[in-house]
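Okay, handing you the structure first.
Chain naming follows the written order as A, B and C, and within any one chain the residues start at number 1.
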């Protein structure tokens, strides 16, 4: 039972991390109608910067904050230099152009930090466990991730639903030209939104760094999941991204843990051992396929003009 | 290709002649490595040409095309592993498996358009990657070595480099011709019209979905053939062949070479791989210009190399 | 009325509170040019969309040449001989003018699972396409890329495409939209000649054209038919004058 609770918490933590990533992606698509394949690269930049700054300053938290600021700056720079030339163009152009960015960033990181990857060790005060429920101990760091991402998600909600900037964001999502015509500085708004997306991606990257990985190509791996979540949740919808991310997080984590056992009930141990890893990987895509058949625009499609 | 004697057409003919005569040049004392390089170019060129059928002509931006390289390759690899080395069995299986996968993915994905289509084809191809990587029996992540190339009838020996090169080249040229006839046929006109304005196509009476699906399957099947060739070329298959960024590589070839013609992607494959060889001799970080280069092509030279060549007019202005 | 080529009865369509079609009924007889007029917002384009298959009505029936086509998909209607042109030009801009019209011919020339023969060399497709282009006066522009032509010429290509399938009936949605006086006059002459060969349902704002061409006119206000009849009767109809022709007379060139 405790194992199950732990797996559920892991699923929650993974899902929330994915949400941070997917939120940025779907936000940028919803507001600027821009497909950004290089979103994963910003995730990678966040992780690399965090590992580097933490090593320089000796403090995990300081390193994280500096990395966040750094990713924000990188994001905004990319927006000004590259994205501005892509707005309004065919989606194919976006995909190709941002794919070029992926190649660029991968090589740049290899140039600066070498091909080996980095590590970001946890400070001792985070490297313990907390007692969630009587008898259930959970990694303090993973718990911190859950807390932080929930806080960020709430902040995002407040920002989008309750502030003037958020109102502009929602207005821009449904009618870009109108917002521009109303005299709002669209250029600045777009830069800020893109920067926000980059910061979210960077945060996700740096938070997962101690427990997963800091290496070249990590962005390409996770990008697929972000896309799947965006498709399931509905492009342009943050609420959709939240629900879909949790769904994907749970199914992937809990599925991977329990599928081998489930398979052993119906197949021979040999067959189960062969099929399990392959099938576990397929789970999320099966979910996506089902959603596509039943609701092709996603669970919460943002109403777009 | 119009019959006109333009710079572009001459360049294309020269390229094809050079490709056909390469082994002769190598035989006469040229660098043997060229044969290895250009075998790879021919195979990836075939893959890129197949992709352009749906990308440039069909307007279907599929980021999952590399999956067929893997499916075709693993068909050969798995059968070889299980003791079946006859090409007469392996290659049809490679083609059939690719066609089936394309049929299923296409049927689901082609109900969507634009960004959704991109993401969905990407996701399904990646799914295939994970499934293959999970097959421990066939090497999983580490890949699968192939100890014996596909066997055909007596004089044909794929282990002979020159013979294998000509097999790849022949299949490449045949595929280019096939795609050429396809895109100019009635079928091709429907696919092109659908790319241009799908709503209008349906309004004038075409049930476009079925045509696009068939096009998708043909493209996937051709790429599966390329996969079978790769397996023989490298004597090795691994899931990395089908990782989604490999699909990006194919797209780069098509865009760089020119999506507006059948042979454009081959030009792109030649350009990209020759560039790769030339530049990696100079610096190991050459890829850092590839990214911005792609971006520049997208922004300023959408027609690719083929497009640029076609703009050169020598002699009397029209 | 049985015997009419197109029979519409009790057609209804709502969009979130707006009634676009309200118990709409009309008949188009074979060989006539039947105009549909009405103030902006009267639901004319919605009517054409339901007849063409781009929209499905909430209620009512549409019968074409004896078959109920109410829910038939648009490509099937086209194959039955009911073709439409579009108010907002929707062509294959990156293909040549001839390619555009040839596609319209191809749609009616059996299935297109032909993979080998060069379609651009098929007489079966190219000749009717050239003929349709000649009808609208664009024969010499056949090999230009469509994006290079003017808006007026695009409207003519629209017409040629609708004709290319040899339809029994044409649904024309504001063919004069955006045309200058010369081009409009040309279009009117075109339609006058076409009348003899194909039944036409014409939605138009240009009253001069309407009264010059129509055999019968139906007046639509807020999705409802308020009058149907010969042009002279419509002109003198009090209800129509009140609702519509009062504002139109100011722009009436006839």
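The definition used in the following text is that a contact is a pair of C-beta atoms (placed from the backbone, for glycine too) under 8 Å apart; a residue touches a chain by one contact, two chains touch by 3 or more.
Just so you know, these numbers come straight off a predicted model, no measurement behind them.
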Which contact partners do chain A and chain C have in common?
B
With centres defined from CA atoms, tell me which chain sits nearest the overall protein centre.
B
Per contact tally, chains sharing the most pairs are A-B
Which whole number of Å gives the spacing of the CA centres of chain A and chain C?
50
Mean-CA-position distance for chain C and chain B (Å):
44
Between chain A and chain B, what is the gap in Å from one C-alpha centre to the other?
32
What are the residue numbers in chain C that touch two or more other chains?
none
Two or more other chains are touched by the chain A residues none
What residues on chain A touch chain B, complex-wise?
29, 35, 82, 85, 91-93, 95-97, 99-108, 110-111, 220, 224, 227-228, 230-231, 235, 273-274, 276-282, 285, 288-289, 292-293, 296
Residue positions on chain B within touch of chain C in the complex are 181-182, 184-190, 192-193, 196-197, 199-207, 211, 214
Mind pulling up the chain B residues that touch chain A in the complex?
61, 63, 108, 111-112, 114-116, 118-120, 122-124, 126-127, 130-137, 243-245, 248, 251-252, 255, 285, 287-288, 290-295, 298-299, 302
In the complex, chain C touches chain B at residues 52-54, 73-76, 78-79, 83-84, 86, 90-95, 99, 102-104, 106-108, 112-120, 122, 125, 161, 165
